[in-house]
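So, here's a batch of structures to check.
The two complexes that follow have subunit A in common; it is paired with subunit B in the first and with subunit C in the second.
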Partner chain A sequence: MWAFVFKRTLIALSVALTISVLCFSLLQLSGDLALSIGGPEATAEQVEQIRIEYGLDRPVIEQFTTWIWGAVQLDFGRSYYYQSEVMDLVVERLPVTMTLGMLALAIALGVSIPLGVVAALKRGSWIDRAAMAIAVTGQAMPNFWFGLTLIILFAVKLQWFPAAGSDSWQGFVLPAIALGYYATPAMMRLTRSGMLEVLEADYIRTARAKGLRTGTVIFKHALRNAVIPVVALAAVELGFMLGGSVVIETVFSLRGLGQLAWNAISRNDYPVVQAIVLIIALFYIVLTLIADILNAVLDPRLRAR
Partner chain B sequence: MNNLSSTERSTAPASPLLSVKQLRVDLPVAKGTLHAVRGIDFHVERGEMLCLVGESGCGKSMTSLALMGLLPRKAQVNADCLNFDGVDLLTVPERERSNLRGARMAMIFQEPMTALNPAYTLGNQLCEALRRHQQVSRKAAHDRALYLLKRVGISAAEERMRQYPHQLSGGLRQRVMIAMALMCEPDLIIADEPTTALDVTIQAQILHLLRDLQQEFGTAVIFITHDLGVVARIADRVAVMYAGEVIETASAQALFQAPSHPYTQGLLRCIPTPGKTLPGSRLQAIPGVVPNLVEKVDGCAFCNRCDQAAELCRTTPPLQTVADGHLSRCHFAHQLSNPAQLNAQEVTL
Partner chain C sequence: MAQLLSSPVAATHHPANTWLSRLVHSTFKNRSLAIGLLIITSLGIVALLAPWLAPHDPYLQNTANRMVPPIWHETGSWTHPLGTDRLGRDYLSRLIYGTRISLFIGLVVALISGLIGTTLGVLAGYFGGRVDAVVSYLLTTRLAMPVVLVALAMASLMGGSMLTVTLLLGLLLWDRFAVVARSATQQLRDAEYVQAAQALGCPLPYILLREVLPNIAGALIVVATLEVANAILLEATLSFLGMGVQPPSPSWGLMIAEGKAYMFFQPWVITIPGSALFVLVLAINLLGDGLRDLSAPGGRNE
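Take a look at the complex of A and B:
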């Protein structure tokens, strides 16, 4: 088990390094940074001055090592726009995004797994079809549009929740639903198909032959095996949701990482963009690692590899 | 083998442990209804080993699943009588049925590789059967599981209890399945081709083990197989199935000495005998194919493959009593029951 964890961690670290190189080079490839920082009005001298001030005249390798060395020490430099440390900006907004992401994941898991199980058990019934309809709509609906619909219905018409802001927990309800609904269909369908497959398995027949109660057969013997792929998917979906929060945070005016990223992109605030891309990528890697370990906990066959 | 005890049992007047009369299993399929089991009769005495023999698709697995109540919900089970030790299995509510399952009737399956849940330790899976049916402590269940693992010939049983199915070979897993079936000391074990998926050497070990345990614990066993060699080794009595019917029942001795149905005779001829079957000679086979059980079968189901078929065979043959406890579903059973050329010893080889 520990060998497995160690191996996966090494793989995760090498992925993280690769990501950092990619995320650094993408910005280098997006044109002359000094020119775009200076804006269309800047004179040649001003652009040159910016180039020197931000260290953009140095060789690319040197720029990268400086940046990555800083990043390892959680120092991503200063924001061009806010004139404060990038890390301070991130730390200030991270809790909002994490709260939103976890809440959305909880909603997605809480809806998709029970619904998937019921849909599999009552295959072909109205509830199965209803679940499938929800899945198809969820996959087809853009989440910003769904978010706006929620605002009109629950914030403007019914006034149950605020339309914007992250000051109170109520402010998180609608964005978390909008974000979670986006992840629900895939997880529900995977639970459903997993359950359908597992329920046909020989060991389920063995469990029934032992006279075990239906609940024990379904939850202990079937669901445990059916959720293994769902766990992996949930980790990936949480990564998507952290990325997807760029849109949702903008729609609901939540002061989170997503909103910061959006603003930074539109203001050419490159250190902030780089930092957020790297941080979200790192989250993704950590989540995948956690999913791998959880999978090994759930499926003893994986531990030996 | 063991014929003394089996004849003693067959003359005992006590009611059998399990009696089955006119059991029918119908399954809806794409083209209509599959009549998988078409009205079979048999009974199992306490402590005896009944072999249910037949080729694949003859309804033997369906019969066993019907007895356990494990058929898919869409399957229809009918019978004149399906009585397990005084309990009518046809009318008993599902709740009480599941109380019997695993406790008084247990099952061993064909595929040991997939019959155990990969996510739980063997100890967990062994103990849960006992703890479902009896109010016993964790410790007592654990001790019982440990005792049975040792009894079925698993070394380092304490360590095995903590292992997962994938860490065991097929033969070991089947031993675990046998131990699991014995957890609640059932009166009846249904073993559905338990040795088919195993290597020949392991097969022999498992057969011996089952036979030993059956005699030690006095458990009745319905042993389902397509292998007459296996039957010769372990059976007290045999029921031969063909196309969803039991076409011949007899003690193992009588069946091998005087098979009274052309199908049984054909099956016996198909077994190559070392020393008797010449090297390079063609192996015997029964020509033709099994009738399609989605369509209605008129007359004798075997008549289109039978080399002794006559005009009479277009009518459904009744079960004929050839000798005491020896029944055959053939119009010509009495003529056929003359001492046959084959005997049990040759087959055991």
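Take a look at the complex of A and C:
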């Protein structure tokens, strides 16, 4: 078991290193940063000054080691636009994005698990078909458009929730629905197929034969086993949601990490962009690592791989 | 097709046609496949015939005729069945031309990412060992990169355009192809016909292209439909955020972005292009689901 954990952690660490190299080099190789920072109206001297000021005249290897050494210490340099430490900006915005992500995950789990269980129990019924319809439509809906539609319906027409802003909990409801709905189909399908598989297992038949009540069989025996892969998927989906927050936060004007990323991208604020891409990738790496270990703890067969 | 339908016996006489007859047959049994195919074919025709179907020039501005509402509104008119946008351009014509952008980007992205992912996956599955380890590592790294964010950052650096978006998404979306190609190839590696080809001394490219690839093609086509849908949604997202296809191109995502300022009073400006996206992506997903049922007749759950 520990060998498995050690191996997976080692892979996760090297992936994190690769991502940081990619983050750094993609932005470096894409053109003259000093020119982009200066903008179209900068004179040649100004560009030269920017180059020296930001250390862009030094060798690339030196720039990278400086950056990565800072990143390890959670120091991502200064923002070009905000003129403050990147890490301060991130720390300020992170709670909004985490709240949004956790709320979206809660909604997705709250919808997909009951629906998946009922769909599996009543296979072929109208509920099963309705659940499938939700899954198919959910995957086809562009989430920014779904978000805008929610704003029109629930913020403008019905006025139940505010259209924008993260000052109150109400402001998180619509964006969390928009973000969570996208993760629902996959988790619901997995719950459904997991339940169908488990319900045919021998131990369920035994439990039924022993005369246990149907409710006990379903909730104590079947669901517990069917839900394991869903929990693992939920961890991965949370990682995707943090990446997808860039769209939803822009639509709902939430002052989170995603909106910061989009603002930074449109203002050529590269230190911020690099830092956010790396941080979201790290979240994803850690979450999948946890999911892998969780799966291995719960299902010993996976450890051999 | 019509001949096959009228004389099903004919199909059985030509083994080469059996997959076609099976497709035709199951299209009628499999409703999602039929609906998906029907919608995609019609939208494909719309894209091809755009210059003849569009009632107006999609780029022609007319400031005297701005924000005309669609026909189902009291003030709508048949001159502009879906109304006009903030620059007075005909919405229906822009929608029709937008079909081209979505379909083109979806197909080309699936082609590029399919080529990359299939190559990596087949090699990993066939050779195993160290090759597999390298491909798995690449895959893990790719999955850790947040697609939207990376695509946005790169598009802003390289300058958003249809070409940039297509290339970026093509280079990013190969993961599912690689996963499926890898596991499908692993299962085939020990198949008798592959071993027979190895024993006969067939060259490696021959084995991979003629023995392995045709037998994993079914699974790859299902992935391809899902990736076309994925690419269309991502293009719309990038264009919506201003880093994708640039104005005045009638990209559906861009139309939603341009309509956003007016959506509180005239919701149709975002409802129309959004519904178009929804219908197209839904149709592609239905086609994908239908094809999956076709290749796994046991059912959609197993």
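The rule we apply is simple: the second predicted complex is superposed on the first by the 288 of 305 C-alpha atoms of A that agree within 3 Å, B and C clash if a C-alpha of one lies under 4 Å from a C-alpha of the other, contacts with A are read in each partner's own complex, and residues count from 1 in each chain.
Keep this in mind: a contact is a pair of C-beta atoms (placed from the backbone, for glycine too) under 8 Å apart; a residue touches a chain by one contact, two chains touch by 3 or more.
This structure is a prediction, so every number in the text was calculated from the model and none was measured.
Superposition note: with subunit A as the common reference, subunit B and subunit C can be accommodated side by side. When the shared chain is aligned, subunit C comes close enough to touch A:246, but subunit B does not.
Judged by the number of subunit A residues each one touches, C leads among subunit B and subunit C.
In the overlay built on the shared chain, the residue A:213 is in contact with subunit B alone; subunit C does not reach it. In the superposed pair of complexes, A:284 makes contact with subunit C only, with no contact to subunit B.
When both complexes are overlaid on chain A, the residue A:130 reaches neither subunit B nor subunit C. Contacts of A:298 after superposition: subunit B is touched, whereas subunit C is not reached.
By the document's definition of touching, of the two partners only subunit C reaches A:148; subunit B does not. Aligning the two complexes via chain A yields an angle of 80° at the C-alpha centre of subunit A, spanning the centres of subunit B and subunit C, rounded to a multiple of 10. Of all C-alpha pairs linking subunit B and subunit C after the chain A fit, the shortest spans 13 Å. Subunit B contributes residues 68, 70, 98-103, 106-107, 109, 111, 114-120, 128-129, 132-133, 164, 166, 177, 180 to its touches with subunit A in the complex. Of all residues in subunit A, those touching subunit C in their complex are 11, 14-16, 18-19, 22, 26-27, 30-31, 36, 136-137, 139-145, 148-149, 151-152, 156, 192-193, 196, 240, 242-244, 246-247, 250, 261-262, 265-266, 268, 273, 276-277, 280-281, 284-285, 288. The residues of subunit C lying in touch with subunit A in their complex are 137, 140-141, 143-150, 152-154, 156-158, 229, 233, 236-237, 240-243, 253, 256, 260, 263-264, 267, 270-271, 274, 277-278, 281-282, 285-286, 289, 301-302.
Taken in their complex, subunit A has these residues touching subunit B: 201-203, 205-213, 216, 220-221, 224-225, 298-301, 304.
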